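Several structures are given next for inspection.
Both complexes shown next keep subunit A, but they swap its partner, so subunit B is in the first and subunit C is in the second.
Moving on to the complex of A and B:
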């Protein structure tokens, strides 16, 4: 092997004084060779993302690279003056980010955003730069580039925006593309397309890619070489096949084991009398106001389902499939337009708020985003106890039960006096679950409860949900866009698309012999499928 | 909803609001004890019962309230706001004579406030927590806390009386009869003191708003994207941070223009600026109800139109905003 493209030596990244540790990156040495994809794998806080940002000279304010070298083209990037590193940025080294929704300027057209980068490094007129940009968008597989150039980011889907970001990054044919979790915020099928795109352009342009991820499934699809990071250090490094097939470090083995394989182990529960029966449920959304006409969008289209005690039903679909709207109708956060929701013998679809109130307690929900779904000004105790108190439970009794429930979800009861921001994402999701369980529900609706979490934390929370379901004999509706996750906890799955049910059945059957093309596409999109050894 | 339908719908709403304002203010001014006749009689120095009666008959004040209201409404619908009791001139003419002066002063104040405030906010946001930031905070607190009439009098004292740099009051030099460019220059010089006095209070708000918005925007991902392109820090600040931070300022500028139309009463009086503010003050002290009502109505229409302009400006500045939603 010849000269590496980038040679990172003993990189140390210091956190500002008062942080929980002194160094976020603590002596990392890595090389990236020409024409290869290096994946850095690790959980949140492993320092993988800061390592990448240090290469770009884009460390957040207060965070500094205090030691080591990053050699690129004979120069040490850490010692270049700001104007020097600025000349490389975007031209020789380009970067794409995790959240394509937030990574584009909302008030500037797509065209202007791409040409801005081109013209920062090349003295060409705007018109010529726009033509280049249009060509790049076409290369990214985007239809109608001319119209796209004039659009604003909010008019594009997440996948389209990430393609725009990649087009922008490639606009000056950089030698290195840094991709910081570029697919974590996307649906599984979109993720598969973006991964394929990155792989394709890497081969075509023979450039290098530094790919950051927390998901070994993605690593299996993408990497030539892998570096595993933990607590700011590289714990294992090697060729992808070697690390995946024969992991040496126990942490690597744990990360690989945590990746759900998309194989179902759960057998369907005997269907006795269903606790919940939804029949032909529909929900339309209308837009428009006082003077305008209204256009209806059908979010849920005549969906029927049943759910028994002790059973988990997975509702799988991409964004916009209507799965969350369905859940919100079942819990009556939204009023359905048509259909019946029989809960324990009573139709709650059209029940008045007063009549519904005693039943509300028995259907509880756990939300997707553990950072915004807990009130930051309330202590954990207040959050957990508020529900039962609203139903008139005695304060002392509620506190005692809260301690038990917190223990059940794996938290120390002493955490009751602390505030949500003191907890990690996984812990917060446990708090959200404890809040729901305090009301002794019969049905638990979990809306993408693990999609904001790291793979290892996902595995823990999924196991917890399954344990709790067994112990409390709960009926669970589990909503997800990720087939792998559904396979782990669901007895039956129902695949939704455009508001309609595409397919449903026992998880094992649907996975082994999917009857619709759409389900097959979803299964094919699972990253690393067939490339990871079974656990 | 397309922009034209939206504007049409909003104009219809403006008419409805105006009718409501006319009704409300018609009854409101009649809640105060005494009427124009009492005041005029008081000024004349005697209160003969027969004289009062003839005065009331002359102005139609002796008729039942619903009749007065109906007469007033049908007149307003034809663009006739009645006659000023005191000036004995059509209210429309009186207001139209003064309105340009007020609009001129306020437009100037708005520009000064936005330009100064945004500049202060940008300086403060460049390094949050720095000495510059602290200095800007103190300065804007000062502007914010000082009463406008006091600020106006102090400015007059310093810049006109002591230094003699600027004329203390009025719209232009009395009796000079300038024309053309000389006149424009003369008015501009007269506008500086009242305009800046009006602007300072709002400038403080703009400075705080700009600072907060810029610090917030600077944390967003697209700013990182902009840096990753390799453009300079100045370009990042102007094209990406400021451009997005300006969006919330539009809301405030809309509010401010509404406040300014009715709220420059104090400053106009301090500087004897012949605008709607001084006119409103006169109308209140002389119980000139038709004039006062006319000012209410014109102000309400203007505020509605400013709000509409704000919403349209907002939808242009932020493509995510859809009109009518």
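Moving on to the complex of A and C:
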């Protein structure tokens, strides 16, 4: 193998005083060899990102590398003066980020942003740099690079933006590319394309890639070698096949086991009388305004579905498919434009707010974002009993029931006096679920309830949702972009695209024998499919 | 709360503001005890300089004790500053909350009304209002509240616009809560920090406005305020500097202290700067 490209020795990254621990990275030693992809995998707070940022000399303010060495070409990056590290950045080591929209300057054209980077390191005229940039965009598989050079970031799709970011990173032919969760913000089909692209250019250019991810499926697709991090330490390191096929450390085994496999285990429940019947539901949004004239966008286009007690219907789709809009129409956070929603015999699609109020408590929702879905100024107790109080339930009784419900979702009832910011993401989702269950709903709508959670926490919350559904005989509408998650908890799935239903049926059937090309594409895009051993 | 106090008191500037403001408030509250004879009593020769026997800061054009005038003036300035701000915050929060929460045509209508108040030169409007209602303490307070509420309404509307889309507000709707309940128990508590900051700054500007009105003779003729002290002494400005400079300094220091406090509140209540 010869000399490693980067040799990280006993790296210690110190957090500012008052943080929950002293060291974010605590004695990490890693090497990256020429022409290989090293994946660092771990959950949030494992120190994987800070390790990568330390290599780049981009640690956030207040966070310092207090010990160890990062050797690159004979020099210790941690002891290089700012001017020295600036010369390396972009030229020898380049980086791409999770959110390409935030990493691109919104008021400068794509072309300018790439040439600026090239000309910061090489004295060549703008015209020549532009030609280079155009060539790079073509290499990234982007159509019509000439037009793209003149566009602004907001005119591009998420996948295009990430390709532009990669083109920028590669513009000076770096020896090492650091990719920090580069596909986490992307749709699954786009993710698959970007992963393929990174793999392809890595091989073509024989460069090294340091790939940060939380997803073992992505690791299975990408890695030559893997390092698993937890609490700032590397718990296991080795060749990808070895770590994935024969994990030594119990934490690695738990992480791999928690990855949903995309195989359906649940049989459809017997459909007696449906509790909810949605027929030909449509919802349009008006977009544009003063200067551009307004145009109607159809977010949900004549969608029909049924839902029975005790069953979970998954609504799967990528961003913009209308799945969340559909859910918000069913719970009447949005007013549908056409169609009917028959709930227990009554059409709630056009009910007035007054008539709807007594029915509201029977349809409840768990939201996506564990941080914005709980009022930061109320205690957990106040949040959980707010619903029953709005219906006039006695304070003492509500608090007693709240204690029971909190216990049901796996929280200590003593948490009632604490505020949401004192809890982790998974615990917050439990609080959100408790709030919904306090009203004893018939239908629970879960809108991407686990997409913001770490994979081990995700598995726990999914299990909890399924347990609660069984115990309370709930009908559940489960909205997700993740086929693997849908397979785990849904009896039936409905695949949506551009506001329309592409395919629906029992989960097992849809996954084993999809009838539409789009569903097949979604299934094929699942990272690590078939490469992870069954549990 | 403990965190808030720690941040607020850890910086010298808000602390200085708080101390100065406390001294002014104490002076205002204790004025009737310290100087039972009232601010209009003539105690000696006019225009005696500071340090004259029995007169700490001299006498004014009519031979009244300047120290007594300053202490009683503080009562009026603070009273006007605080009550008019409360009035403005009340109107502003109500209209801003309704406009921001409901949006649509109601928002358009309320914002056009707000702009109507903002595009008229506010001091001219104030003079007309006060002259129309007869100069008195209450007309001053009402007038100032009527010209200053639009800035509160704008801030509150902006906060409500961004907060109403948050998931916890949607969750409250799905729980079956009514609009009034959502506005007051869910959204308003989260919109409080900027309202408090704007309010603290407005107290200072209301004191300035009251001074300007009194200086022009549009204040309550039966009450002595810092502004009316300056207005009444302007003929003696060149022979007895203390008659105008001292009330002017009192206004300046009090407004400065309030701005310091507002600045400190802004830092302490802003979660992004809390660390």
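Simple rule for what comes next: the second predicted complex is superposed on the first by the 528 of 535 C-alpha atoms of A that agree within 3 Å, B and C clash if a C-alpha of one lies under 4 Å from a C-alpha of the other, contacts with A are read in each partner's own complex, and residues count from 1 in each chain.
Everything that follows uses one rule, which is that a contact is a pair of C-beta atoms (placed from the backbone, for glycine too) under 8 Å apart; a residue touches a chain by one contact, two chains touch by 3 or more.
In this text the structure is predicted, and so the values were computed from the model without any measurement.
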Practice item. Check whether A:331 is in contact with subunit B, with subunit C, with both or with neither, and answer first, second, both or neither. Key: second
**Study point:** subunit B versus subunit C as contact partner of A:165, first or second or both or neither
**Key:** first
Review point. Is A:386 in contact with subunit B, with subunit C, with both, or with neither (first, second, both, neither)?
Key: second
Point to revise | First (subunit B), second (subunit C), both or neither touched by A:120 | key: first
**Study point:** Which superposed partner A:419 touches (first subunit B, second subunit C, both, neither)
**Key:** neither
Check your understanding: Should A:107 be classified as contacting the first partner (subunit B), the second (subunit C), both, or neither?
Key -> first
Review point. What is the shared patch of subunit A, the residues that subunit B and subunit C both contact?
Key: none
Revision key, fill the gap. Note: in the complex, subunit A contacts subunit B through residues 56, 58, 82, 86-91, 94-95, 97, 99, 102-108, 116-117, 120-121, 152, 154, 165, 168, 287-292
Exercise for review: Would you tell me which residues of subunit B are touching subunit A in their complex?
Suggested key: 1, 5-6, 8-9, 220-222, 224-233, 235, 239-240, 243-244, 247, 317-320, 324-325
Study note, to complete from the structure: In the complex, the residues of subunit C that touch subunit A are 166-168, 170-178, 181, 185-186, 189-190
Revision key, fill the gap. So, in the complex, the side of subunit A touching subunit C is made of residues 331, 333, 357-358, 360-361, 363-365, 367-369, 372-378, 386-387, 390-391, 432, 435, 439
